[in-house]
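Each of the next two complexes has chain A plus one more chain, namely chain B in the first and chain C in the second.
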Partner chain A sequence: MKIDRLLWTGASLLFFAALIWFWQFVSDNRWVSPVFLPGPDRAWNAMMRGLQTGDLGLRWIATIERMIYGWLLASLAGIFLGAVIGSSEMARAYIGPSLELMRPLPASAVVPLAIALLGLSESMVLGVIAFGALWPMLLATVHGFSAVEPRLYEVSRALGLSRSAVIFKISLPSSMPDILAGMRLSLTVALILAVVGEMLASREGLGSHIMLAARAFRSADLFAGVILLGVTGLVSALLLGWFESWMLRWRESR
Partner chain B sequence: MLEKQHAGSPVLHIDRVNLTLGGHEILRDINLSIREGEFVCVVGPSGCGKTTMLRLLAGLYQPTSGDVTYRSTRMTHPRQDIAIVFQDYGKALLPWRTAHGNVSLAFEALNAPREGRDDKIEQLLAKVGLGGQGKKYPNQLSGGMQQRLQIARCLAQTPSVLLMDEPFGALDAMTRQGLQDEILSIVRGTGATAFFVTHDLEEAIYLGDRVIGLLPHPGRVAIEVEVNLPRDRNQLTTREDPEFLRLRRQLFDFIKEAES
Partner chain C sequence: MNALLRIDPRGLVLPVGLLVLAEVFARATNLQSDALAPPSDIFVSGIAALADGSMLYATWQTLANAGFGLAIGFSIGMALGILMGLFAPLNRLLEVTVEVLRPIPSVALIPIALLVYGFGHRLEFSIVAFATMWPALILTRSAIAGIEPRLIEVSRALQLSLSARIFKIVIPAALPRIFVALRLGVGISLIVAVTVEVTTNPMGVGYKMMEASQALRPGLALAYLVWVGILGWAVNGLMLLIQKHLFGPAANIEARL
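Moving on to the complex of A and B:
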């Protein structure tokens, strides 16, 4: 079991190294013009330089902050609305169809509306992130709440649990696997939308950094930004994964 | 103990009850009085309405006509002093809570003082043979242990009535016999009144002071026998008692007739 995992980790690291090597190989042989594709060495140097001297670090933090605030906003709203809709059959019947109608709307489709309402402001960016990240949260929570074992509601009635106790002690923990899966999905969406929002509203952040670098043909800077985005996505997914397996430790314990 | 079972007014009373669910007549003209401390078992072919009857007594269903009363008050909703042991213990336990946490839920519902709660939970777990297993999650326990855990949670309600719906139906014979004796000693020890649904005729006679047989389409009480066996039951001697064998024959014939 343990050796198995070690092998898998080793294999994926090896694959990653091969990818970097291939990238270096392509750029060294100038298969793609260096104007568009810097080698990993140049991208790395640009990133280190940006982090040490420029404001790349500040931009990175700004993007992370936006992602997290938008995501938390979406999570809170999604869990609350999802709980309300999911725990009432009637609400599901009435609201469900409109949810299905709005769900496939890409968050970028509401960007013009958000700009009209909020201008090219910080709250517009946050609003777009929260709106886009809301859907996976909302749908996962609705699903979780509607899939609670009915027997547990009977147990609650027989024990005489209060209404709020049923929500916090039965429905919410029972929906936790779905909610956490939704949070993982919406975190990815939040990162993407943070970058898109920054590009559109030209707020300080990795998104605008990448766009400005692209316009000025500073491909090394562009790649430095992309690398940091990748790192952000990876680290946040890892952290959330740990949190998830800790929260759901009752599942694995066998 | 022996005298007590026949004394007093009924704890649970079903009076001329009819029940229709989704346009189907499920139960017709049910009458039943359960005395304080009595152990009543219900048998009958599958689909005859045993579970439905238990749910009426639990206050989970309301009769279409007639009355279900608990100590002379109408059962309009479930009560904390009436505990239910469900057959599907796997679904009735909270998988995200430890054994300790599952029992704790009953105390939380009662708003019992926090102080000393842990000790009480540990005592209850020990009482059902789960001493020292409090930190385990339900999926780490065997079927028999999970059912014991559910019983412990019911006991935390200090119920005066225990309603049990085929609680040992999914367990193997050895575990079953052990649990039968445990439930008997718990019920006798607390003076609780018990209503016990089972498929197993011998189990019904072994546990019961009275056995009721239902017939289906619509569900109705078709036979009622008093079990005149000494109240101290023993897996070997009770099951060999001529009275036990006579009752078993009587109920067996009833079921066979019902199925033909």
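Moving on to the complex of A and C:
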């Protein structure tokens, strides 16, 4: 069974390699103009050159930093606010409908307002990332807190626990699956908004890098940037996935 | 239907209170700002833009772009999802490709699409299609995996052809969950369309908002912001209503990506 699984993963990797080979083939034969589509070799060379001279690497790090700071800010605020709102029936009744109203609003729609308020600055980009990444976190936490098994609360009342003890010992652990799912969604949103913010505010980062490369018709640099963004998305999702299964390891043993 | 229309008055306190507070604050300080405007000003600008048709035209552009892109992306995603759900070898073969391509942020493709298509509808179609394809694929695949296995056995026993199996058994059985995926896709398509318009494409509500903001007309820019919010909310509500009407409790499943 295990060998079977390994073989399939190998076949799957081979298929992906074949796709890349096909991409090389297409560009070698100029089926698509190299202005639009550089071969994987040229994209790879552009990436290596950029990373070695340091420019691309610095931009990559700048984007990752923005994404993580905005995401952490949103996560902390989201869990805190979500815990306050979710743990009180009254707060849910008063604030809940407003949150539902805000939920479908595209986060990028607040960019013009953010630019008008904060200018084309670093705090504008961070603010937009944090604002956009806040909603999935907040709603997931509220949902997690309001879906806690009511008998657990009865137990906590019988034990005479304080409100903070209830939050830290009962509500927070039992809404952890929802919170982690929200964090994963938030991270995706944070990466997207980091790119959007960099594109619009021309802050040093991969977003502005790919935009400038496209304007100058440097397609190899453009693809190098897009590949790095894809790698960022992939690696961050994998890391968070591992973190999630580690945090929720008690679930399997149930 | 009734549940959607019934409104808890306590939920209104916060938004109405904030609106009144913003209005009072703006009047009291005699607000002169390039970024903010009193709610009454936003309302007047919004009504004016609605009346002269410019807002409705921009809305039409955005919705058309989002809808067409969704149609392309969702069809491709759903077709792949059905095939991958039905044929386990194909699913395993494509696993790495899907997992590697899916996390690419859709906005990262904007410059590529800009190079290929230039400004215009096709730029937006392609980005929306890419963004909506993956949830359609993943959710359709899991919808098919969730079909009662005995239905598949029946189709084998009846010796149905592949197309009969797909159209008579698989799609009807997976339809409620596929519709949930579509609802999600509609929301994503609108978000992505507005994002493309805000960043690059000179059309639709996103661009109008950017334009108003740069022309230092905060009332109009904020009116567009509110309008985008109403649009997202209305589209989502409409999809929920259709889902409830078509599938009832059959669609009461959490769609998780």
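We adopt the following convention: the second predicted complex is superposed on the first by the 241 of 254 C-alpha atoms of A that agree within 3 Å, B and C clash if a C-alpha of one lies under 4 Å from a C-alpha of the other, contacts with A are read in each partner's own complex, and residues count from 1 in each chain.
Here, a contact is a pair of C-beta atoms (placed from the backbone, for glycine too) under 8 Å apart; a residue touches a chain by one contact, two chains touch by 3 or more.
Since we're looking at a predicted model, the values are computed, not measured.
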Clash or fit, chain B versus chain C on superposed chain A: fit
Superposition-derived comparison: chain B or chain C, residues of chain A touched: C
Touched partner set for A:Lys169, first chain B, second chain C, both or neither: first
Touching partner for A:Ala158 - first (chain B), second (chain C), both, neither: first
Lowest C-alpha to C-alpha distance for chain C against chain B (Å): 21
Residues of chain A that lie at the interface with chain B and also at the interface with chain C: none
In the complex with chain B, residue positions of chain A that touch it: 149, 151-152, 154-162, 165, 169-170, 173-174, 176, 248, 250-251, 253-254
Of all residues in chain A, those that touch chain C in their complex: 8-9, 11-13, 15-16, 19, 35-36, 93-98, 101-102, 104-113, 115-117, 181, 185, 188, 191-192, 195-196, 199-200, 206-207, 210-211, 213-214, 217, 219, 222-223, 225-226, 229-230, 233-234, 236-237
Partner chain A, residues of chain C touching it in the complex: 7-8, 10-15, 34-36, 92-97, 99-101, 103-112, 114-116, 187, 190-191, 194-195, 198-200, 206, 209-210, 212-214, 218, 221-222, 225, 228-229, 232-233, 235-236, 256-257
Chain B to chain A touching residues, read off their complex: 58, 60, 77-80, 82-84, 86, 88, 91-92, 94-98, 105-106, 108-110, 136-137, 139-140, 153, 157
